[in-house]
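Two complexes are shown next, each including chain A; its partner changes from chain B in the first to chain C in the second.
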Partner chain A sequence: MRLFDYHRPTTVGETSALMAELGDEAALLAGGTSLMNLAKLGLAEPAHVIALRDVDELHGLDGDPVQGLRLGAMTTLRAVETSESVRALAPGLAEAAHHVATVRIRNQATVGGNLVHADPNQDLPPMLMVYDAVARITGPDGVRTVPVADMFVGFFESVLEPDEILDSVSVPPCAPGLRSGYLKFLPRTQDDYSTIAVAAGLQVRDGRITHARIAVAGGGSTAVRCRAAETALVGNGTDDATLTAAADIVPGLLDPVADGRGSSGYKRDMARVCTQRLLQRLVAEGAA
Partner chain B sequence: MTVQLPFSRPEVRHEGHLKVTGSAKYTGDHYPPGLLHVACLSSPHAHALIRGVDTSGARDLPGVHAVLTGADIGDVRFGRFLRDLPVLATDRVRFIGQRVAAVAAETREAAEEAVRLIDVEYEDIPAVYDPREALTADAPVLHPEAAGYLTMRGDGRELPEHLNLQGDLVAGRSEEEMASAFAAADRVFEHTFRTPRQHQGYIEPHGAVVWFEGDTCHVISTNKAPFTLRAHLATATGHPAEQIVVYNRFIGGDFGGKGFSLDEFVAFYLARATGRPVRSVMSYVEELSGAGPRHAAELTLRTAVSSDGIFLAHSADVVFDGGAYAAGKAAPDLVPHGGLDTMSAYSIAATRHRLRTVYTNSVPGGHMRAPGEVQAVFAGETHVDLIAGELGLDPVELRRRNLLRPGSPAPDGTGAQSAAGEVLSRAAEGVDWATQPTRGRGTGIAVYRRKGGAGRGGVVLRALAPDRFEIVTGAADQGAGTVTMIARVAATALGVDESCVEVVQQPTAVAMFDQGAGASRVTRVLGEAARLAALDMRDVLAGDVLAGAVPAGAVPACAVEFPVEVTREAEAPRGEASDTFGAVAVEVEVDELTGQITVVRAALAADTGTVINPLSHRGQLEGGFAFGLGAALMEELPVEDGQVLAGSLGDYKLPTAPDMPPLTVINVGDTPGPGPFGAKPVGEFGNLGVAPAIGNAVARAVGVRLQQLPLPAEAVWAGLAERA
Partner chain C sequence: MPDSGKRITFTVNGLERDVVTAPARPILDVLREDLGLTGTKEGCSVGVCGACSVLIDGQLMSACLIPVGELEGRAVTTVEGLADEDGRLSAVQQAFLTCGGFQCGICTPGQVVAATALLAECPAPSPEQVRDWMMGNLCRCTGYYSIVSAVLEAAAAGREEPA
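Our next item is the complex of A and B:
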């Protein structure tokens, strides 16, 4: 690992100024669970590291049924997993956070770092998509918001400009009665990135699906919201034929990359199988 | 002498307190004053000639004390048997990751920076990655200068028929005898199997700290065989062995990988060049791309069977991918010997094995927990199930008809003490073999014989007082419990409480010779040396102090003057009867839509003789099972055109606690082994049958038969799709 200068700003403004001054020689450090691994492998060699731990504005997890959730960028995944507010308002998010790596890593990894790293295999992004979460981004020209479903551009690449900071993520109050869940397919070891992972949310009223969200991680260069599959559900019943028809649409929306976790074709089919199983589970839970 | 064996009491590890409090100092924890840090430049080419090396930029970097290349130290080669691996490449590189230059600097970062500034001019030459291709007439030859290579014995070796052959071992009957045996048989079955390279997966990377005091070279190392390392260093560098001192107490995991070292050699030259202590610790990229993984293998097995399911003849043609150097193999034949054990638990009148290891432009192969056996037992025990399927016989029944048993030993006379039948039955019972599993589930079984290895070692036993004994050993403890084992054996033989015995690990300059941890020999050799030394000590002290257990605090008057010292060596001769039989049975559930294999329960029956350290024994068996589970389901070091594609243990996945199924360990048999008080080797044992048992269970559950490792869900899924 190359030596770097370590900076500890205390405000977003100060951080932005440092970023402007240091340019692409600098990297932002949130929890460090990705950056430090990349640095150790020589894949990232920043001359300056700007640590965000002392920036109070980036911390904090608030939630209420009217406003929804606000997750400061520095909120740890362990906090997301264990927070009473998250469990009450967006239980699927707590479930997805639980599936990230180990407790030690979740104690360190952050929501902001997780999103900005833009790793297509991460567990949180698809579930944030299911909850229509919105990222709040601060740049030199002010603040803008981008739905998480639209914030990924490609492998390890998000819409953030080099001079922008993701400061928080908002999760609006979810559709009443929404059932959400996460299915992480781990065929090798329980300690792994998913081969494919599916997040879904269903709202069912009087036997009809009135609201649906499906998003997939590991199915391509970014996490993907599967809108066509959602459309196939809404207005229909919760019978197996409907769920199967929606699941059958998912593989066509993906472009998985072959790697040690499986071929492209296998990942596509696993996305189908996992979507179907997850939808069946959500329907069964609703009926119970 | 009758000794009441106290071994059933779970042991307390003598070094345990140091380890759990973080006080145990491992190699990488040593920072002598004035320490410099090492980084090495590795070849990015699989096969290339070195046209020039410019180190001027690196030398000029502040904090850099030495930059060495092959041109500086000369063509210095080392190896566990065949010395074919250069400390630093001189004129040619043969695999991606081979060391070309080394830097010592004030910090690791400065050393790494200097490495980046070294400019090497390479000229690519044709490479060969496939062992079978490497044996063709017009394949690129990796070692045109092989005729000049020396072995650790100081001589050359007879050159093989093809220069790309590392080793070529033929054992058993002649081809003619085999041909007639096969011709006479009712049925002949032939199957081919493939197994991948795997990394040992220890957490502590290889490393060494080296310094000179005058002409004496001091070495703290992760190597598990300090005396052997000393010999290798002395032979390679020409430095006298008596002026090399190797220190070693704790090793952070071995699994076969810590008998082969790279760092000590570059560190030797850098310490000599700088006059400062130097520390070299491998990164995980270096570990995975150059530290000696398990050999990938292709095994073709043929077995002649009578109509009533008796194995009449068996042959195996095994080709190991040796990688670019043979240096990682310790045996003079330069093949992973375990390849002979394709069907060694069975009584078969005629057998023949040919094992070949081949040079390719890939990471050199080394030893990993039961080298060769893992490949052989997977192939053999899968082959047996395939035969059972063809004959319409229950796999347990077919095995039972052929196993070694008292009246039916192997042609070499071994196996007459076989507990194979018992381990087979007990393992099968452990998963309710007779009960038909539900849909998507299946049971599978594998049975095997493991032989302990040869070697020698000694201890010094000192009585300091009637109730105080000290045993000096030169052995390192790679985590398996060596120190505790020695203390328990000695205390038992002395007839004193274990708390009266302290084991002191000393460097090579002080301790008796020990061949090191390997071939599952430590308890056999050092335990036996400790027992013999204790018996001698009893003779010396007899009647005076050791008439009974020494009552605490009460020191009897005696005529003996303390301290009293005895030394003893023990040797496990090559080929001694040390058979240990094992059987693994598993029940798996296969997800028919995803192909995912879940082992829902498992039983491991082990005929491992007298147990000295019950917790460590269980740990070896359970840990061995987990090791085998990784090999079965996930572990493969991916290599593409000579490039290792895994850079960390995040990419190279190992099983973790949640992956382990409920496992029943069953100790069977009362056949004593050759170790102290009848102990048997157990270190390279628990992992052997896991992969074939799982593969066999998958085939019985869903009808998909895989003949290569690992057994990924996707391959099962593809097999299921093919069947549908």
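Our next item is the complex of A and C:
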């Protein structure tokens, strides 16, 4: 591994100034689970690493029913998994966080790192899409916000410019009575990346679906929100025919890459199966 | 040239240590090569196998994935720090002996540290919780049954004899 200079700023402003000074020779370090592996493999060879752990503005997990959740970029996935606020306000997010790798990795990996790394197989992005989460991004010209559903461009590539920092993610208060869940298909080991994973949220009133969200990880170069499948649900009942029809739309919205976890066709088909099972689960939980 | 000699101060197993080294080096290398603490093992070196499990400020982490610069001002516990000053084994260490929770031994320090972290957070885990937590520590000898037994045994011993 190529050695690097190590910097430890204490504010976002200082971090931005360092990034401007060091340019593309610098990489930001949050939990290290991705950057250190890339550095060891020689896929990233930063001459400078800017560690974010002392930047207070990037820490903190706040939640209340009116404001929703604010997850500072440095919030660990373990904190997301175990936080009472997250469990109360966005239980699907706690569930998805629990499914990331192992507890050891979750103690290190962060929400911000997870999003900026833009790995299409990660568990948090589809669930954040289900909750209409919004990323807050600070750059030299100020702050902008981008819905998580719109922040991924391609494999390991997000809309962030090289001089921008993702400082937090906001999860707005969710639709009343929203049921959400995550189904991660893991035919190998439990700490693996998914072959395919589906996140979904349903709001049902008087037997009709009034709000739906479906998003998939591992189905292509980015996590993807499946709007056409959502549209097929809204306004309909919760019968199996409706859920199946929506699930049938999902494979056509994906472009999975064949790898050791399955062929493209297999992943497409399992996305359909997982979507159907997850929707059935959410409906059954609502009826219980 | 990148930093090769920065002073980094942190606590290891209760003792304050000063190391002058490249802050980019993984904690694992500094523990083993600079501080002589070879209990923490290198397995996969990519955060998967758990052989390098250590506690940092009480949290279970992979020493292979963190540059040592990140340790400034923090406290690390390695397997060498689990027994007491007289060398009396911790409940987890004793239970691994009693239950035969190891064979070749290379994963054992990581297993013991991971189990210690579990029982600190959840003193009376169910077998399911033990399997879920310990899932990130790979072992190619035992078949895991004796490891799960050892963790449950340590939890039971901890309940009988409060620290």
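In the analysis below, the second predicted complex is superposed on the first by the 288 of 288 C-alpha atoms of A that agree within 3 Å, B and C clash if a C-alpha of one lies under 4 Å from a C-alpha of the other, contacts with A are read in each partner's own complex, and residues count from 1 in each chain.
FYI, a contact is a pair of C-beta atoms (placed from the backbone, for glycine too) under 8 Å apart; a residue touches a chain by one contact, two chains touch by 3 or more.
As the structure is a prediction and not an experimental result, all values here were calculated from the model.
Pick one for A:L29: touches chain B only (first), chain C only (second), both, or neither.
In the superposed model, A:L29 contacts chain C only, not chain B.
Have a look at where A:N37 lands relative to chain B and chain C in the superposition and call it first, second, both or neither.
Once the two structures are laid over each other on A, A:N37 reaches both partners.
Of the two partner chains, chain B (first) and chain C (second), which one does A:V66 touch, if any: first, second, both, or neither?
neither
Which partner does A:G260 contact after superposing on A: first (chain B), second (chain C), both, neither?
The first partner, chain B, only.
If you stack the two complexes on chain A, which partner ends up touching A:L3: first (chain B), second (chain C), both, or neither?
So A:L3 meets both chain B and chain C here.
Between chain B (first) and chain C (second), which, if any, makes contact with A:D269: first, second, both or neither?
A:D269 sits against chain B, while chain C stays out of touch.
Where does A:A241 make contact in the superposed view: on chain B (first), on chain C (second), on both, or on neither?
neither
Pick one for A:A287: touches chain B only (first), chain C only (second), both, or neither.
neither
Tell me which partner touches more residues of chain A in the superposed arrangement, chain B or chain C.
Between chain B and chain C, the winner on chain A residue contacts is C.
Figure out whether A:D191 sits in contact with chain B (first) or chain C (second), or with both, or with neither.
In the superposed model, A:D191 contacts both chain B and chain C.
Just to be sure I follow: which residues of chain A are touched by chain B in one complex and then by chain C in the other one?
On chain A, the residues that contact chain B in one structure and chain C in the other are 1-3, 37, 40, 189-191.
Please give the residue numbers of chain A that touch chain C in the complex, ascending.
Those in contact with chain C are residues 1-6, 8, 29, 32-33, 36-37, 40, 47, 49, 51, 53, 78, 101-105, 107-108, 189-191.
Touching residues of chain B toward chain A in the complex: what are they?
Checking each residue of chain B against chain A gives 107, 109, 112-113, 283, 285, 593-597, 633-634, 636, 638, 645-648, 650-651, 653-656, 658-659, 712-714, 717-718.
Which chain A residues qualify as touching chain B in the complex?
1-3, 37, 40-41, 185, 187-192, 195, 260, 262-263, 266, 269-270, 273
Please give the residue numbers of chain C that touch chain A in the complex, ascending.
Spelled out, the residues of chain C in touch with chain A are 2-4, 6, 22-26, 45-48, 50, 53, 59-62, 64-67, 69-70, 72, 114, 117, 133, 135-136.
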